Amino acid sequence: MRGFAMTKIGETGWVEKEVTKCGPLDAICRPLALAPCTSDIHTVYEGAVGERTDMILGHEAVGEIMQVGELVKDFKVGDKVLVPAITPDWGSLEAQRGYAMHSGGTLGGWKFSNFKDGVFADANLALLPEGIDPAEATMLSDMVPTGFHGVELAEVAFGEDVLIIGIGPVGLMAVKGAALRGAGRILAVGTRPNCVSLAQEYGATDIISYKNGPIDEQVMKLTKGKGVDKVIVAGGDVDTFIEAVKSVKPGGIISNVNYLGSGDFVKIPRVEWGVGIGHVRIVGGLMPAGRMRTERLANLMINGRLDVSGMLTHKFEGLDSIPEALELMRNKPEDLIKPVITITY
Amino acid sequence: MRGFAMTKIGETGWVEKEVTKCGPLDAICRPLALAPCTSDIHTVYEGAVGERTDMILGHEAVGEIMQVGELVKDFKVGDKVLVPAITPDWGSLEAQRGYAMHSGGTLGGWKFSNFKDGVFADANLALLPEGIDPAEATMLSDMVPTGFHGVELAEVAFGEDVLIIGIGPVGLMAVKGAALRGAGRILAVGTRPNCVSLAQEYGATDIISYKNGPIDEQVMKLTKGKGVDKVIVAGGDVDTFIEAVKSVKPGGIISNVNYLGSGDFVKIPRVEWGVGIGHVRIVGGLMPAGRMRTERLANLMINGRLDVSGMLTHKFEGLDSIPEALELMRNKPEDLIKPVITITY
Amino acid sequence: MRGFAMTKIGETGWVEKEVTKCGPLDAICRPLALAPCTSDIHTVYEGAVGERTDMILGHEAVGEIMQVGELVKDFKVGDKVLVPAITPDWGSLEAQRGYAMHSGGTLGGWKFSNFKDGVFADANLALLPEGIDPAEATMLSDMVPTGFHGVELAEVAFGEDVLIIGIGPVGLMAVKGAALRGAGRILAVGTRPNCVSLAQEYGATDIISYKNGPIDEQVMKLTKGKGVDKVIVAGGDVDTFIEAVKSVKPGGIISNVNYLGSGDFVKIPRVEWGVGIGHVRIVGGLMPAGRMRTERLANLMINGRLDVSGMLTHKFEGLDSIPEALELMRNKPEDLIKPVITITY
Amino acid sequence: MRGFAMTKIGETGWVEKEVTKCGPLDAICRPLALAPCTSDIHTVYEGAVGERTDMILGHEAVGEIMQVGELVKDFKVGDKVLVPAITPDWGSLEAQRGYAMHSGGTLGGWKFSNFKDGVFADANLALLPEGIDPAEATMLSDMVPTGFHGVELAEVAFGEDVLIIGIGPVGLMAVKGAALRGAGRILAVGTRPNCVSLAQEYGATDIISYKNGPIDEQVMKLTKGKGVDKVIVAGGDVDTFIEAVKSVKPGGIISNVNYLGSGDFVKIPRVEWGVGIGHVRIVGGLMPAGRMRTERLANLMINGRLDVSGMLTHKFEGLDSIPEALELMRNKPEDLIKPVITITY
């Protein structure tokens, strides 16, 4: 099996590997469409998950099943499937506590491009619905579930004002998710024209540029000193939480879906956090996954509630274009939102 | 003060009354726009709240403040305000338990056209936002908060399939609310062409007519035997819950916002309710109200998330048209959704 | 393998069967202690789950593992384990929705003495903690998790007044659970002296006998017309909900953990249910299970928060005493709470 | 009116002031029992709420009503009442959002010894139940509601392992609250013998001393590397959260009820916080108050679930002992938990 892999920290290349052994509950797929992710860049060039050798990259895909394990009941060879980026062990103690994505330990549901090539076909795959474009469907692997999870963690309610920090592809999905969950005013922080324009299309009512001063000062000006009900962090770094806390009302929620790649401490400003007792909740979480979740998000596409076509700014054909697409993700040209690759056999 | 009143059960007419005394926390308003409600019909012609004499009707209005009590801090004479149908006592024990709408006892927050002409201006009124049409804003008194509350009680989540029984004005708002909260498929039960068409515009994906057989059988057919995740009851009677229970998955929720006017018992089918232990939750509730709630719902209009113009099928001018508008509500011609009256002074 | 079985509806007897084949994820246990359950009586004598032939009875046990499937990672032959009555498929769509006990369909997690002899050792078994008596530990299979789930579904909060209808073994665990979750006043409905006495020991503050008139009238008298915050139904029949609804405040919850064996409809009194909009929530559910859950409940025993010894009124030794113990459960002598059988090999 | 006051930052003394004017919704009480609080020390000696002149101290009391405003309905002169430390405006927008304690702005419900002498008798007072000792009842003003709120924010569930950092009076109430809510193992951090002993009586199963190394290392050792489900912070400073985050499982909650008096930032360790996406929730909150809340907590005393007598280590008689009692709170001798003063007229 040929694959585009991280050969070691900082380097990538094509490798030949044996086809992964298909466990009794597993399925082996070949990709019909796939999308590189910023996490791949973190993995390869920042060594975010540590050193790896010849680890095939990628965790956003639509696939075709080539092989199924003998205990798999609901899928068969030839099925076209949505493959979520996170593939939990659903019987794990963490899953039973409601946190399948952390099965076996924090972030343990993240297996692809990390330590294992997928598990539990019946529990984690979903059929690609008819009429859905595989290229668009790749957004259901990570961008949609991650961005929407920010909205869920923020418990956005009808008519609330929501600040979304960062409008890369995940932040854009958070904007769309917030609108789709009934937010009132949506203040989005970002500067790239493509992203700003898509954020507005997805429901952002106000655009804030961090170039114009601290985010919280702009938020307070726009909300006449009231602040917002909720903040979703989909970009920035460990210091972003300072502005987030300063922007939110007592009793508000700050939800984070941004992988924090560096820094020793996330900093929470003591006074603005109500000297510890202002009921501002801070929480961040890896995307939930699983078959039901993926089916539900696909349900939004099927029923016309969610259109991700604007996200796919750069389209490629054929496996051989992976290096070029990944390079795009690394360099992030101004007009990039997401690259996607379609493969025909 | 002249008002159109219930003179006794079954009869209405114009009455002259003294202007209600303005309590220290209260405000007295004159209507700028108002909408008759099916509840007014229940009140007058079915004696739903018992006998009343010369009780001025109406609880859906936008008003102008004529007088404020001496403890009112946030409103002044001349303010144009949204007036919610329900006006809770916010310090009551029920409010402190999270159920302000039942302040003082079940349904105790319902004071207008019931037993008292409103209380607590600061806590219960909201300024009419600039740029919002007063006629449309009357929908924020009852139709929007009631329909949307059905969605909240059903805890609709991203991509869930939702059945909405009844698409009168409240049911239509439940359809819109479900779409606005990220439902996937929305199955709506109704037959009147105007309502069906608006339901589709608001996001209904499937229309079910009760004339074509039991609702649950149609639901099961449409969902391939799976049933829906949630049911919102916005019409029907005490027997409607039988079909609702038969339509929902284990762990589902049936939420009711329909005033049940007759019948001794709501019936829950034992077997389909999982012999009592299928985790199907049944709950119904009066709309929440209050200033914050009303401001939030108005926020949806201001930010272009909610357009109620299609609801207002019959428009009138002047207080004198109240009897005609109320009569419409009583007879419900096929093309009626809501009548609304605008008043200029 | 010898087992005491339901040979057909209405009849029991010893049968010889082949040892159940151990699936790759399963474990085969022999019982160290077991307790017959009222459900066994429903199953055999009322045909509650339908006709069955030579189906070995029982679902409350502590066992010793005799065999494990090849995919089982966390258990080995010789381990002494707690065996929950319910053994869900954790990867099922229902489990992913939060309702593992209904995996595959309503009540689908109930497999023992129903349609299958257990699944998913890693996900569903828990080690018997050192120092815990196996006979007492059988209460962790069904009585504790079921009674405590009534408390969870009722969302009992600090200082709330709770009515518990029925103080058989499940109801007694609901009393204990309510006290352990911080209820204020606990009103318990029952008459058998043994049960009344244990209910008081577990925290009941008031005992109500249905022989003294309608429950709700007694509740209203005891609470000076206020009613209770929550009701847990652990006994009675489809008509019990009438008194439950009449006993609860607006915004209250009625939670049911009682298997409802007969009757077409559960009846909810329309007027007292706030004409459908009083925010009284009605919900019932099968016990949650799984390894984490079982470990947590065992944790209560280990740390001295839960003492079930008073529940075990009738103790037996040896497999051969099963018929006698089951007969006790069927006849329910006045001094019976639970029979338990210990087996040594 | 004579009162013991903060005369300026760093100084206290007896002052003569006019009796506070009783607003229409207010009540004026004289104290029957009162307890100084660490917050009084922060206020006077650390200037925690800013400069104040002749501000009478104290917010934990049982009182007798001397005067009521003309709109007060449920209380009358002579009533003996529980007076919560926090007295929210229940109609405020924050209250309608569920955060009455922050009415008018973060911590805005804290009025006594801050900026106003109380409001809203009907909504905020509760009758002293018969048979409850006024000295013990002072614990219902602040210690019980604050400590128990830590448990609520942590959403402690049956059988969970809980770490409680700090076992001063609030931490002790958190221990008791955690046990009363069904925690399994309770690990409590503290060293003073009186407190350790009472913590164990209240349900702590393990005592950790910060003198023996980092808290998280001890927690990990005691839990065999698993960590705890929840952490309640009832002592320490802005750096305490580092150890809290390192002690908790993915999906866990860290709840804080400790006033953080100094430091610029609360620090959250990035890696152990799951690089921002480990679903560890961090939240802290001022105690909820109000009449219902206070009645419910009193309900726990009335029904024998809560015994605070062990908390009252130092008892005084008469108003004149206030300076001595306050001095105790300032110096915190090793055997102090709480001082309390009883006054007879």
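Should a chain be cited, it is by its letter among A, B, C and D, assigned in written order, with residues numbered from 1 in that chain.
Everything that follows uses one rule, which is that contacts are C-beta pairs under 8 Å (C-beta built on N, C-alpha and C of every residue); 3 or more make two chains touch, one makes a residue touch a chain.
Note that the coordinates shown come from a computational prediction; the quantities given were computed from them, not determined experimentally.
Steps from subunit B to subunit C, minimised over paths through touching chains, total 1.
Interface comparison, A-D versus A-C: the higher number of contacting C-beta pairs is recorded for A-D.
The distance from the centre of subunit A to the centre of subunit C, with each centre set as the mean of the Cα atoms, comes to 41 Å.
If you average the Cα atoms of subunit A and of subunit B, the two centres end up 38 Å apart.
Contacts with at least two other chains are made by residues 97-98, 295 of subunit A. Shown here, the protein chains touch in all possible pairs. Partner subunit C is touched in their complex by these residues of subunit A: 24-25, 71, 90-93, 95-98, 100, 120, 122-124, 290-293, 295. Within the complex, the subunit B residues that touch subunit A are 148, 152, 157-161, 177, 179-186, 203, 205, 295-300, 302-303, 305. Residues 94, 97-99, 101-102, 105-107, 229, 233, 238, 242, 249-251, 256-270, 273-286 of subunit B are the ones that touch subunit C when the two sit in their complex.
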